[in-house]
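Going by the order they are written in, the chains are A, B, C and D; count residues from 1 in each one.
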Amino acid sequence: MQMTEFKPKIVAFCCNWCSYAGADLAGNNRLNYPAEVKIIRVPCSCRVNPMFILRAFQRGADGVILCGCHPGDCHYTSGNYYTRRRMALLFSMLNFLGIEKERTRVEWVSAAEGAKFAATMNDFVAQITALGENKRLEDLRCKK
Amino acid sequence: MRKCSTANLDALLRTIAENASLYLPVDGTDGRAHFTKWEDGVKMSDALNTVRSAKDFFFPQTENLMDFKVEGKTIEIIDTREECEDFVIFGVRACDVRSFDILDRVFLVDPVDTYYKNRREHGIIVSMACTRPSETCFCRTFGIDAANPGGDIVCYKEEDAWYFDALTEKGQALLSKLESLTEECDTAAVDAQKDLIRERMDKLPLADLTADAFGGDKLNTYFNAPEWKSLSQSCLGCGTCTFVCPTCQCYDIKDFKTNKGVQRFRCWDSCMYSDFTKMAHGNNRTSQLERFRQRFMHKLVYFPANNEGIFGCVGCGRCLSRCPISMNIVKVMKELGGNA
Amino acid sequence: MQKVTREILLAKAAELLAAGTVNRVLGWKAGEFTYDVTPALFTTAAELEKDFVYGPFSGANFSKYLVKETRRDEGKVLVFLKPCDTYSFNQLLTEHRFDRERVYAVGIPCDGMADIQRIKDQAGDGVSGVECDGDNLIVHTLYDGDKTLAMADCLAERCVNCKSKKHVAYDELIGETGDVIDSHRFDEVEKLEKMTEDERFAFWQNELSRCIRCNACRDVCPACTCEKCVFGNPNSGVENKAISDSFEEKMFHVIRAFHVAGRCTDCGECSRVCPQNIPLHLLNRKFIRDIDNFYDEYQAGAEVGQRAPLVNYKQEDLEPSEAVERSGNNA
Amino acid sequence: MNTEALIPVVGVITDIRIDTPDIKTFRVVTPDGKKAFDHKPGQCAMLSIPGVGEAMFSITSSPTNTEYMEFSIKKCGCVTEWLHAAEVGQQITIRGPYGNPFPVDDAFAGKNMLFIAGGVGLAPLRSVINYVRHYRDRYGKVDIVYGSRSKDDLLDYDEILHEWMTDDGIDVHLTIDREQEGWDGHVGFVPNYVKELGFDTDKVAVLCGPPIMIKFTLAGLQELGFDKTQVYTTLELRMKCGIGKCGRCNVGSKYVCKDGPVFRCDELDELPDEY
């Protein structure tokens, strides 16, 4: 029996100053990463509040990844340090509620790391594909 | 009057559940009773009452009203109403049964709320007398007899048997399906239980509470009463009392954007919330005192003014045990009515 | 340790009112039954004499009321603070939520407060009165006569797992202050951490599904003092008055706990007021425990002016991925 | 199951008129070009944009207009902002009519009429005024006092100038709050202007405007000798259902959506001061 292949929906929040440019670089260098990744540009990774992550899942994301500047390299000096603490606590809490820990990730990708961006996305998409559809943080109304 | 031996009760419930969804109070993992769908092995709770009232069956906390499909400038309205299935609520107490009459006076008056009506028509209520009323009970204040609850069928639980009596045609029809599991009996046991219940009701701490000081004509007596200030002082403005209340029926209508369209749903709302009456250019109740007053004035004055003196409270006592700061309608009545 | 009684508090309140130190008293008002005590303002000694009570049901944390009270420009208000309340008091001061000058705080020792639900679980429904008798409670019931229960078996969860008998703020102390306790408050969290993801999911699904979104947990919380809550703001996109989908249960409770993470003093009011008996404190304690484990030990409200962990960082902080790994193996 | 009061019908905006900087008048018909439903002067309709929200508006056009309905809407909340950004051809939803109308065929019949409006408060009165103009012989003399912040904020100015003012037996008294270039009419607030004009009490007065204007105008009318039973007004409160069930517009034992929005001023005295 032929199963329809599961194509996950991935939301990637990318910092304007680094990983968004990293994504650009990946494109310029013709490095492939899956089309399932939907990039949302943010001015700094710390612009992403926990609600954004949850809302992405509500609206149908199967995985959410947040990309920012490497610690120490924040365009605004310290934004990504706060991101790091917030997401550490949030992801830990989501896992505490029984949400698969593989569904969320934070990755530091600089503007020069086009290759890392593509590799990260490929890896994350593969991970979510293996994990399957997001059932535990879904909103059924959005799936109708 | 029909009698079913306690040993046969499971079989009786099974027979009911064959034709309709059957709900009854069941102890949850939190140790409290909640209306739960019956299936084999489910044991009915001994608790006096459920945490949430039975109003949910007819007026659920949220329900979808309609869907919209929006494309460009055009809108398509999709009526999502469906004929609801028959269901039976078993073990409803006298107070909650009365609450349906109160809700009927809101939802079934013209223009009829068809969502509510649909459920009401398909629901059968099996009520149950209260042999162990609690200290928070004051249904008698509103003329409710815990020994004689309404509904379609009334039941009385004794050690060895359950007694059933049909009160409506709907109830008669259901009871006749249970004939093989029940036998005709006299009313001696039930009469004895009724006497016991009334005797116990007499002794309840709130047995003497009356609502005589309230009614539709008492607006000016109470609206500007100075007592509202101290009564509402520590109110948190949460919605607990409203949401556990069997007669609170205010609702909100909201839109939810799904990924493909718009769902318009309604959900319970609370007059205790600060944004209840807020509109684009103002709010006519800006203080918690006003909101607090609205809730109690509505139950004790405004509702009776429009409904031949019937109060909008059934004395179930849920707000007495659930309010985070232990402020409730009994304290309000005593403070205002002066019959402490 | 000196046992606090109604008489002692009454005398103190009357003394401070008479001296003009304060012009009103935030206290507990007697209800219909012994257990339905309401927070109330008293302005005269006569009012106090009539209705003021103090006993095993005087559990409400008054700190949050100070936000509203000190905005009314009417001199000082007297507030009685149990040790756990003093942490909320400090936390609110740290966040500049009320005017310290308008408060006269009297610290009172506390041996733990009773939970009427636990009493009813043991004595049955129909509790017409409760009396203290040394370490026991005598419970008058409607149908089964008097029952004697050990106070220790009737304590609220937050008191069983009391974190501190130490007062961290007061103008005056009645009796003596105690010590921070090496409590077992994280045991339940740990138990959940040791479960599998599936078990945890089932656990929370069951607990949170009872939520009726009455917002009592939010409205009572001394750390939730936003003028406009994100869940009550129509422009936030997440405003909602009811749970229309089980997603919203999780969103509301995760965000509620997250918004007070690093500021929650673990006073336990959220669980006390929940009409559906959801163990909300476990979410807050999870954050506290993670903060302690990931960063430095931190007790919100221990001192005024502390920098909360979520508005702080260290260059060598752990990565979110490590955090998730570690939180499962906290023990 | 067939009818349900909460389920609307689709309406199409066929014309948008810019009246003032923050008020537009929308013409609405059903997709097949008909009037969505009949109404009486003073009644309201619930308009909504799925996903934005639903809100109650008074129907500005007269019932004697059998082709379409008009709504004069001031931009002040999310629904109205959305409507102000809408274009002709946009569909919305509409349900109604709601509330009690003005008693145009009984209490008003044969009477001299005095209409007093402030700002967008003219919207509900326009329906009555045009009804009265249509059945001119059923009513006596008509006076209209209308004021707004400035000349630019006067609603339906063209209709007032070219239709109302040219009608026989209708006196229109306009006023604006502050002096303005190009305005040679009266300057001052409505309540004072009403007192200055000094009307005879042989009339029924109909009032609509901001609460503060209603309050002072009513006091002014009473000074002139008017009894509260001669004065009508229309209220506005937050509404969700429009059919007296959701509880939002409950004031005292009345529901403004169902028992109002039109009240005689002596009836208001029986309500608690909460509107």
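Assume contacts are C-beta pairs under 8 Å (C-beta built on N, C-alpha and C of every residue); 3 or more make two chains touch, one makes a residue touch a chain.
Because the structure is a prediction, the values reported are computed rather than measured.
**Student:** Does A-B or B-C have more contacting C-beta pairs?
**Tutor:** Looking at A-B and B-C side by side, B-C shows more C-beta contacts.
**Student:** Going by C-alpha centres, which chain is most central here?
**Tutor:** Central by C-alpha mean position: chain B.
**Student:** CA centre of subunit A versus CA centre of subunit B: separation in Å?
**Tutor:** About 46 Å separates the centre of subunit A from that of subunit B.
**Student:** For subunit B and subunit C, what's the span in angstrom between their mean Cα positions?
**Tutor:** 31
**Student:** Using mean C-alpha positions as chain centres, tell me how far subunit C is from subunit D in Å, no decimals.
**Tutor:** Those two chain centres are 51 Å apart.
**Student:** So the centre of each chain is just the mean of its C-alpha atoms; given that, what is the distance between subunit A and subunit C in Å?
**Tutor:** Chain centres of subunit A and subunit C, defined by C-alpha means, are spaced 36 Å apart.
**Student:** What are the residues of subunit C that contact at least two other chains?
**Tutor:** 234, 244
**Student:** Hey, what residues on subunit D touch two or more of the other chains?
**Tutor:** Subunit D, residues with two or more chain partners: 78.
**Student:** What positions in subunit A touch 2 or more of the other chains?
**Tutor:** Expected reply: 141.
**Student:** Sort out for me which residues of subunit C touch subunit B in the complex.
**Tutor:** Contact set of subunit C toward subunit B: 31-33, 35-41, 60, 65, 116, 121, 125-128, 142-143, 206-207, 210, 212-216, 218-220, 232, 234, 240-244, 272-273, 275-278.
**Student:** Give the list of subunit B residues in touch with subunit D in this complex.
**Tutor:** 65-66, 68, 70, 73-77, 79, 81, 83, 106-107, 111-115, 118, 216, 219, 223, 249-255, 257, 261-262, 264, 266, 269, 271, 276-281, 283-285, 290, 294, 297-298, 301-303, 305-306
**Student:** If you look only at subunit D, which of its residues touch subunit B in the complex?
**Tutor:** 1, 3-10, 50-55, 76-78, 80, 87, 89-93, 236-238, 240-241, 243, 245-253, 270, 272, 274-275
**Student:** Okay, in this complex, where on subunit C does subunit A touch?
**Tutor:** Spelled out, the residues of subunit C in touch with subunit A are 192-193, 197-205, 230, 237-238, 244-245, 247-248, 250-251, 254-255, 257-258, 261, 283, 286-287, 290-291, 294-295, 309-315, 317-325, 327-328.
**Student:** Any idea which subunit B residues touch subunit C in the complex?
**Tutor:** 28-32, 34, 47-48, 51-52, 61-62, 132-136, 200, 203-206, 230, 233-234, 236-240, 242-244, 252, 254, 256, 265, 267-270, 273-275, 320-322, 324-328, 330-331
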